[in-house]
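Both complexes below contain subunit A, partnered by subunit B and then by subunit C.
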Partner chain A sequence: MQVFLQTIVGGVSLGAVYALVALGFSLVYRTMGLVNFAHGNVVTVGAYLASTFYLSTKLPFALAMIIAIVVTGAIGLVIERVLRPLENKDFDLMLIGTIGFGIVLDALIIMIWGATGRAVPSPVPTAPIDIFGLRIRTYDLVVLAIAALATVLLVLFLSRTKRGTAMQAVAMDHEAATAVGIHVGRSNATAFMIGAGLAALAGGLVGPLLYVSPALGGALGIKGFAAAILGGFGSIPGAILGGLAIGILDSFTAGHFQGYSELVTFLVFTVIIMVRPTGIFGERTVNRA
Partner chain B sequence: MRPTLAVLAVVLAVAAGCSAPGSGKEESGNDSGPIKIAVVDAQSGQLSSLGAWELKGARLAVDEWNAAGGVNGRQIQLDVFDDQGDPTIGTNLARKIDSEGYIAMIGTAESAVTIAMSPLLKQAEIPNITSGQSPGLVATKSDFLFLNGPTSTTYDETLAKHIVDQQGIKSIAMITNNGGYGKGEHDAFLKALTSRNVTPVADQVVTADQKDFSAVLTSIRQKNPKVIFLGAEEVESGLIVKQARDLGITSAFAGAAPQGTPVFLDTAGAKNAEGTIVSSPYLSNDIDEASKKFAAAYKAKFNEEAELHGAKAYDGTQILLTALKTSNVATGKPLADAIRATKHDGLLGDFAFDETGVGIFSTSIGIIKGGKLVAAES
Partner chain C sequence: MKRLLVVAALGVAAWFLPYGLDSYAIHVVNVILIFAILAIGLGLVMGIAGQVNLSQVAFFGVGAYATAILTTHSGMGFWVAGVLAILATVLMGLVIGTPALRVQSHYLGIVTLGLALAFTNWVTNASLSGGAEGISGITAPTLPGVDLSSEYIYYYLELIVFAVVLGFGLFVVRTALGRRMRAMRDDALAAGALGAEVPMLRMTAFMLASVYGGVAGVLYAGLIRYVAPESFNIANMFLLLAMVIIGGRQSLIGCVVGAVSLALVRELLVDHPTIAQLAYGSVVVLVVVFAPTGLAGLPRRFRAYLDHRRGTRGTAAQLRPFQPYEPEAVSRSTQDQLLRVEGVTKQFRGLKALDDVSLTVSTGEIRGIVGPNGSGKTTLFNVISGLYKPTSGRVIFRGADMTGRAPYRLARAGMARTFQNLRLFGDLTVEENLLVALDRWSTLSAWRYALRPLSVLRRDRALRRSAAEVLERYGLTEFASLAPKSLPYGIQRRVEIARAVAADPALLLLDEPAAGLNGEEVRQLAEIVRSIRDSGRTVIIIEHNMGLVMSLCEQITVLAGGRVIASGTPAEVAVEPAVIEAYLGDSMNTDDLPVPSAGEATR
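Presenting the complex of A and B:
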């Protein structure tokens, strides 16, 4: 029983990070119908920026995170601006464009920060909480709280603000949205910016849990992408649920299937997707591709 | 018409790309111009810290030789190729360094990549000094493959001797990954334990890029072992130790080369890694005069502390350059024979290669104390 519960606890904390990565994927996808393949690399950039401001300039962790999110959001805007001429003209090229951006970001990361990576000490250095032998890291609780807060803010933004509603409209029917005077380009830019900001949030938060290296985003990107698909690509609650599900699934297969855990995780994932191709929250707002 | 032209252009470009390196081979074969040596290592990806250290060690050795006038008056040209820790990229690079006329190769730091490259390098007769330590390297039976350190068997035999024979600890758990390095460590340490009639209380295998070890560690915690053996690379081992301490595991950890590196220490956190038992041929930078001199030069050049992998690559490169000098810049089989015949008093010990390409057969035991690796009192 203890192993069972501890495994869930371990899975949930990384699951929350996967959920944030999945949110970024889904937000861009629901708005533009585009899979941003540079997303994983943006996560790495966010992780490096946050850890640099935290470790080198000794800023408080929260402030370092905010700067990282702002800078990374700006990178998101740049990516969208460069790809904008292709919007509605050549979708495949746009996809390849995001892959290209991923490679460029990867190279930039190695040029700026080197290839070796760095360990980030936990910003919450208190001992783990012990509940009947079940150990919960305080930092995990911080990660969960921030992930939950980010999700609530995102949902409020999409449903309560004018810009957010405009993005929803573009997601549903971009031609009709254009007809009623919504600037599709600006809406896409906002999606890319928020998506990149979420990536930075995920990267910054995961730094103290893992090890910040150029390879960080690749692993998180794949899991986050799988999480987005599992939850229903484009769905906001789906991304959250998918992220937690992948995290916990991963944690359990690691305990039971040892070296074959990765294989089993993705086999289970494949079976679920075969049974339910649209994911848990089978929402298909976008079908432009 | 246009696609045909495009195809033609591509074919021409490829043909041109192939012919240029071919002519380069002849250039380096003659007695003028620089001696071309390739460093093949991960410069990106999760294993890039290994590649970066190895490159620094090799660079330091080559720069020292170049400053002293090179080999037989010829400068040494050291070029780096990024294998990304990927065996497929490694085999492509093996063909590339062959066609571009490199006469010897330093690297790689990842056994799986070197094993993949070995048959091609053997065929091309390019001697290769690797930093890998998997027994699988010896199993390739290549006359052109040399190890700049001991194999896992040596590391783990020394470790088991210290833990079981000297400390009398029998309650041991194992966590290894299923990558090339981890598999080698698993088999070598298990063999060392079995020969001492010790059965590990847990034998857990993880994947090479696993991030959460809650399940594995919680089941180990219930067994309450005295020592947990780690057979995984620097970062993964560090994460395991960090998560183990968060889960309230107080057992000491033990391992080979990766557990003695600064990356392991940083990832785990110095406090968490305290008491880790390390089997390594290069415990610290102030063991003797040679290591002090090496560490000072390393620090001056790269502004960071030297460690095992840099020292191994430095030794390996010194051996290669010495062999080039004694063989009068030979290539192919004569160069491999010259390397095998080279006796080198290096940072890791006295190198004397046997027919399997291994030159060092001992390691020492160190303990991490106060964030530093110090020699164990035995």
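Presenting the complex of A and C:
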């Protein structure tokens, strides 16, 4: 039991990171029906930016993170602007376009930061807390708190601001949204920007948990995507729940299957997608008639 | 003739190529050929069949690893191991293809990517595959009297295999199977409604891709004689994808050109791999935005641009009059029930789109289905044609219970339909649209491609002859080679009807065929529908144009709010109080009111 709970606790903080990645995917998907395959690479960029500012310029961790979010937000804007001619026309081409951006970002990362990774020390150096015999790292709590805060802010933005409501409208029917005077392109750009910002947040937070390397985003991206699908693509509570679920699944497979954990995670994910393509909270069918 | 000369010239050039190359260059060329084979496979599954497959590199890996394992561990000869390796790859292809039966597009992309990652994860960890070090010392392929360990000789082996698989790929694309796949890519729903077995086609596409991947893998194992996980990683998958996209995914030749040019660029920049990566990534982005058809599409775009500049426009194609079918002499017995819908209810979450709808259509009838917008007419069509599963109730077609059968099964049982908002295959010509419908072959008989290619060709010629007849009958001959999207709306409507009838249905479902047509076109439509019926087919027509319905249909069923509120002859229905109320209650548009006098043809 102790081991079981410890495994869950171990998975939760990474799960929160997956949830943030999933939120970014979901936000872009619900607004424009597109899966951004460059999302994982944006996570890597965010991780490198945050760690660079934190380590080399000795900025406070929070400030480094904010800079990373702003820069990646700009990257998101660029991606959206370039691919805008394809929006609502050819989704497969857009998908390939985002893969193209992923390739470019990957090359840029290696050019700027090199192919080798770096370890980032935890910004909160306190010893693990002991609760009922469970050891919880303080940094895990920081990750959870920030992820929760980001989610709350996102939900507030979507439901309480005019821009957010407009994005919801575009998500439901982009033609009707155009008809009532919403600038669909701008709304999509906002979605992409926030999505990229969330990716940077996830990347920045995961730095001290994992080793920051060019391969970081690939694994995070695909797991975040799995989380988004598991929860129901486009659903915000689904992304959170899916993220935590994948995090815990990860933690279990790492314990039981060691090197094969990735294999098992992807196989489980494939089976889930086949059994229930719409996920837990998903409403839309995958093949829209 | 010109094309034949070009092919011959290329063949001769390829044959003498090794004489001008040093030993390193020939190695590079050998690797390029392998990538070209992989790219053809990816082009087939992605460009032709429209299935996003990001695990082509895993197919490649399975082929190479299986050869390596079978020759080193089991001590088999290269050729036996190679054949078994290709079989193993096909198995893998069928496994990776299964998700395509449930999900498409982005989902399929991520699942196949995940499975490709799972494969690399497995080979890096398993002791069978030698872990991260891989397997070395693969047995070299041998042929009596030929020294295949020389890369110069190996080049000829690869060249022959390449020519064969490219030829086979082109053969598939240009005949029935490839046409069906392209139709499915453009519109899976419409392809299914015309009888294309969509699930089977998707699996066939993945199987083809895996065969190409396997062949490339075996050749790679024989060439390098060493396999390691990093040759099959995601970076190489994306490189392969870039080759196909830049070359032009819808053209196999384009895929080869893309593979060769990208591989050459990568070779030139071999000391700066990240710059190469940056370059091809950017080119992929530019290509999808500015030239979605890739390099292969450039000549056509250039020609179109020149024509546009010169202002040379050939004589405009003209729609010829419809030539009526020979009336079928068979006497129609009204007792013969072709379609029976029994108590069908269709619930969409809170909304009851159809509520206990029952109707019977006899052979040889023209049945009208009318009703205000949102009364469930199209939902009823979707249930009948198998696109929707009814919540309860049964659909009996030709005496058999067909409730909830897949659309392609219904189509094969003799049902065809058109769609309210036109679903023509956009990237196929008008003629090809008809050919897809005329082709009644089961996808299972695709084995003929491998074993009896000549019978495939013969059959294709026969199909083209029938297509020419249909084009002639519908007055569309001059539009045969045009893309449907370039045609005026009225002609597109006619193409869609011609396509549905080409599928040789017993029951034809027309969903608002007169929408957007002008008076003269509506008159022609009435003539066409009558002639189709006279040729022995039964027609059900959803229409808002009351004049047309009143003059054309013998029986009318009126739907409102998902229920049948009236049915009978036009005259009976028009005076039914419930009908008048439903129409007036729905809108004040008196144009939609059923007109009692059945004489007027059009509004």
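Heads up, the rule we're going with is that the second predicted complex is superposed on the first by the 264 of 289 C-alpha atoms of A that agree within 3 Å, B and C clash if a C-alpha of one lies under 4 Å from a C-alpha of the other, contacts with A are read in each partner's own complex, and residues count from 1 in each chain.
Going forward, a contact is a pair of C-beta atoms (placed from the backbone, for glycine too) under 8 Å apart; a residue touches a chain by one contact, two chains touch by 3 or more.
Note that the structure is predicted; figures quoted are calculated from it, not measured.
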Based on the superposed arrangement, let me know which partner A:126 touches: subunit B (first), subunit C (second), both, or neither? neither
Looking at the overlay, does A:14 come into contact with subunit B only (first), subunit C only (second), both, or neither? first
A:262 in the overlay: touching subunit B, subunit C, both, or neither? Say first, second, both or neither. both
On the A-aligned overlay, A:106 touches which partner chain: subunit B = first, subunit C = second, or both, or neither? both
Between subunit B (first) and subunit C (second), which, if any, makes contact with A:254: first, second, both or neither? first
Could you tell me which stretches of subunit A are touched by subunit B in one complex and by subunit C in the other? 106, 110, 259, 262
Residue ranges of subunit A touching subunit B (in the complex, touch as defined): 2-3, 6-7, 9-11, 13-14, 106, 110, 114-119, 121, 128, 130, 135, 137, 209-211, 213-215, 219, 247, 250-252, 254-256, 258-259, 261-262
Residue positions on subunit C within touch of subunit A in the complex are 50, 52, 98-99, 102-107, 109-111, 113-115, 117-118, 121-122, 124-125, 188-189, 234-235, 238, 241-242, 245, 274-275, 277-278, 280-285, 287-289, 292, 382, 387
Subunit A - residues contacting subunit C, complex: 29, 34-35, 37, 82-83, 85-86, 90-97, 99-108, 110-111, 218, 222, 225-226, 229, 259-260, 262-263, 266-267, 269-270, 273-274, 277, 286-287, 289
Tell me, which parts of subunit B touch subunit A in their complex? 42-46, 48-49, 51-52, 177-178, 204-207, 209-216, 218-219, 222, 235, 238-239, 243, 246-248, 263, 266-267, 269
